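Dumping the structure here so I can ask a few things about it.
By letter and in written order, the chains are A, B, C and D; residue numbering begins at 1 in each of them.
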């Protein structure tokens, strides 16, 4: 269990700058998720922590040690790869023992550790199998087991769930979260899936183009996205962005004109000017016969507990809203939406977010 | 398998092709049968009567004679030593270098790699004269070393192994690095076991090539006790024009060919897979 | 498990690598061709049993080893095809045998490179009477006044004759055939034979060397040299050469002479009575004797006779086998003594070599009853006086004779005109000899 | 942020490689330079010398070896023979190999047996193969002449006939070498996805059309590969020729490598042989370039 500090990290591949001057602190025992689209630099960052990639400039500290010059094996980290990277020619037990044997761990200790990991991960019956004889979920657990036996200071996960089917993914999320509670270790988890990030992380680091967009607790990220990028990346279906043609302040709050409609928001009006964009998550845009926004139904997605409505504004802009589970809307219907102004967002010209909700 | 096991209701063209192949197979088999027949005939009878092989009496005298002359056994042993050692060394050198080219990011790697592949264009036959002088200078002819060493550094082997090591997912190796494995440990414990199919291909090609090599042992091994099987058998062939001991010669060829055939029949699954492996990449 | 297997494999290889025999006796390494025939003669000690080169030399070696328990002559047998390449290779690599067989015609190539020890002193040491060696073979191994080899025999070109068939055609009696003494007589007798039997008179084998020896013999009889001006330039444009080629070609065209595709066929056909005579060498006599006895009758009255003088004075192509001691061989006094003892033994037992068909090189043996009583040889006593070697200082005779022969065969078979063939042969030989230093 | 970077004090870098790791490629490079490149260079130098292999005598003579070489009728004939040999050996190897592979590409016991048979001859060494086939071709006594006599054609002595000898050696070579192309084709055929054939069937393609417009194009890259491998291999033909005919009759079978061997090791003119070897090298470089080009353009086939 150690904290991790990244100081002014820079990474260039040739002339291409993958990560530019990034600093980040991760507390001991924290579960941190690097979230971002592919190519945003999150995996590169993780690999630099692991020592699989050299930093071009900057420092990496794990615990009290400065490690950016140390080879991977000496950094006290364990990593679970996207493809699991199990040694195909070794049995499950051998896979887990390999790292320990390499540092000269005593045989009895190795066996004890494997037994313990196998118990935690329910791998007892599989220890003599080779990876080729295992299912995807089992391989995934072996990969985690291989990390556990080393009792590392830091666990690194590189999109470890992306090769699992939806059901298994959901279950493994829970298992990893539980594991974190059991072990209490520092864990860094890379993913492009915001659900994974939201469900597991204590702290999410949203990245884009080699830069950190926002660091924060999951709900904070969701409710108060620092930038338009974060807002668009987090949340499914994605936030609606509507161009604002005009604004006025009403009792200190901003009202914005979208098309022909004036929409009240909960965002404080002070200091906001220039071209703005209104952000409304679908769950804040509810079907309501008395609603202010008129639209025409395009596609109806029935999820059982609720209904997602894809609709078209008179100006031709698509929006996504929600209706109750028994919605009767179908294609071509006229519909009206009401906006929950307490959950609106406004983004200024620089993409910075301003929120109706205040920080807790 | 597109046409798995459907012989019934086969179209005419396919049927003709099948018949052609069966005829070819008979043509392929005939020389072997005939040679076996000749090896079972009395030598004098063969000189006098051209068609002797088609009628009794048959005898195994030639094979008995064969066991009395020990040279064939020596040549066989030499071939085995040379082919096995050469193959093992080719595998060691090619695997090491192939791994090096695939995974170690030293500066100038690509240039050195291309430099190494230039040798693909040098036919072994084109350098026998200087190679002979070279081994001469070190007094190495008529030694196993001379028979084994040339061709250990084979650009083909480097090409094959490098390609194969490159195809092994980098993540597996990275996992090993995180597991505190040294570079050599990674090579030995991780990469090498995973490269066994490519090693089989290279090994079988190399073994067959060395076993069948004729020109180099012909000029390097000049003492009968250093002959390999190919050279030894070649030496005895000069008698065939006199057809003196034709049956004996053929018994020799049967005797010398049999071990490889048996070995092949036992391991053919691997041999064929290995050879095919070279083509698919 | 796997590692264990690999280890035991290595162990086997190591064991194989280190097996060597114990060496108590003085070993004489004896490089030779003549073939291997341990199967038939591996333990034979009776010199009268074998009838071919391989059998005789194997038996002689056995006897010597039996008589001299302190010496072990180890034959290192190479087939004649690659023999010289390999011998040269062995010298180059310093792996020099103690005694080696060498065709007399190859000697110059080794002597020029300083690879052979002169033997004058050694022969005296061994107690070999040099004066008993016939002049031709001795002269052939004498270079710059020094003897470089101990000759073993006369090898000559001759006719194998089916005297039974010849008698049928009115050409002499069984075992006493009549041979032509001129080209005209040759044609006349050949036609007579063909008329009477319907078979060709003469058989030649499709073997370049055979063709070249035949032409060379005819040119010798005519007295026209193959190397008129220089040992580096052949001349086949001489009248003698052309008329000899014309004679042979006309016999072929007329069906009086046939070309057999290989020696196997030639042997089979001749022993089956397919032709009156077959062109061949002394080394085949033993085998033909055996064949004629085994086949029972078809080869009725087999005899061998020196190449008839159909083109002038009697003369015949000749070569000799000889024994040499290469520089670097027999390096210790013991080895040298043992080697010389073996040479002396071969000299003393020269008569047994004659069983193969070759003529002994010891003048004293030519008239001995042991030799003259050997069957099937007609008029062999004349050979030493008519035998002629190719000039001994012509380099690489074993390379150039096939060049000539290949072109001759192309002419005989109608693949080339005579002029083209002659020109090609001259160019090939002369450019090759010119290339040599 | 608990720490800040100190620009002055640069920590050691994470090394991606270490000097000792060059030991991986060192054995290869040393052996490669010593036993391949150096002899190649030495051979090149030798070709400008009169060089007597066994006396060790050497003298610089400039381009004389090359002049003699190009003027040498036998050498020119050897070059022609080699090209002819390649031209009559490679097509049957490729066509028969493909035919056999197409027919035997099925999982039945008999096709397994036949595959074994066709590849079996390939594992025999050249001396055994030539021993067998010299026996087959023996005039009168051989299998071939026995057969020809039986059907009343009469023996032909194929290796003794300058017009047929090279064909005879080519037949032997095809018998010996068919295994490799067959296996390569089989491997390629098994890579062709079965759905393509099912699609072709749905499109009502005849077997013939399927062969020409589906199968052959699918394995075209392998076909090209096999052709080039075979060309390169057979340009270097030596063993069969040296053992079966020694270059005769009437120079009709002498190959380029046979010429190198003879002039270097039988006739003792190693410099001249080296010059001949350089020519072979040039041809091989062209062939190798062709292979490289073909493998680079794989997607077009």
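In this section, a contact is a pair of C-beta atoms (placed from the backbone, for glycine too) under 8 Å apart; a residue touches a chain by one contact, two chains touch by 3 or more.
Source: prediction; values computed, not measured.
Enquirer: Shared touching chains for chain A and chain B?
Expert: D
Enquirer: Which chains make contact with chain A and with chain C at once?
Expert: B, D
Enquirer: What chain is the most remote from chain A, judged by the mean position of CA atoms in each chain?
Expert: Computed centres place C farthest from chain A.
Enquirer: Based on C-beta pairs in contact, work out which chain pair has the most and send it over.
Expert: So the pair of chains linked by the most contacts is B-D.
Enquirer: Please compute the C-alpha centroid of chain B, do the same for chain D, then give the distance between them in whole Å.
Expert: So the centre of chain B lies 14 Å away from the centre of chain D.
Enquirer: Whole-Å distance, chain A centre to chain D centre, using C-alpha means?
Expert: 57
Enquirer: Centre to centre, by mean C-alpha position, how many angstrom separate chain B and chain C?
Expert: Averaging C-alpha atoms per chain gives centres 38 Å apart.
Enquirer: Between chain C and chain D, what distance separates the C-alpha centroids? Give it in angstrom.
Expert: 38
Enquirer: For chain D, which residues are shared contacts with two or more other chains?
Expert: In chain D, the residues touching two or more other chains are 16, 53, 138, 140-141, 265.
Enquirer: Give me the residues of chain B that touch two or more other chains.
Expert: 50, 132, 219, 234, 237, 240, 243, 246
Enquirer: Hey, what residues on chain C touch two or more of the other chains?
Expert: If we look for residues of chain C contacting two or more partner chains, we find 81, 85, 89, 92, 262, 264, 268.
Enquirer: Check the chains against each other and report every pair that touches.
Expert: Inter-chain contacts occur between A-B, A-D, B-C, B-D, C-D.
Enquirer: If we count contacts the way the header does, which residues on chain D are in touch with chain A in the complex?
Expert: Residues 1-5, 11-16.
Enquirer: Report the residues of chain D in contact with chain C in the complex, numbered from low to high.
Expert: Its residues touching chain C are 50, 52-57, 59, 68, 71-74, 138-141, 155, 157, 160, 162, 246, 248-251, 265-269, 272.
Enquirer: In their complex, what parts of chain B are in touch with chain A?
Expert: 169, 171-172, 174-182, 185, 189-190, 193-194
Enquirer: Touching residues of chain A toward chain B in the complex: what are they?
Expert: 50-52, 71-74, 77-79, 81-83, 85-89, 98-99, 102-103, 146, 150
Enquirer: State the interface residues of chain C toward chain B in the complex, per the touch definition above.
Expert: 9, 13, 16-17, 35-36, 38-40, 42, 76-82, 85-87, 89-90, 92-95, 207, 262-264, 267-268, 271-272, 287, 291, 294-295
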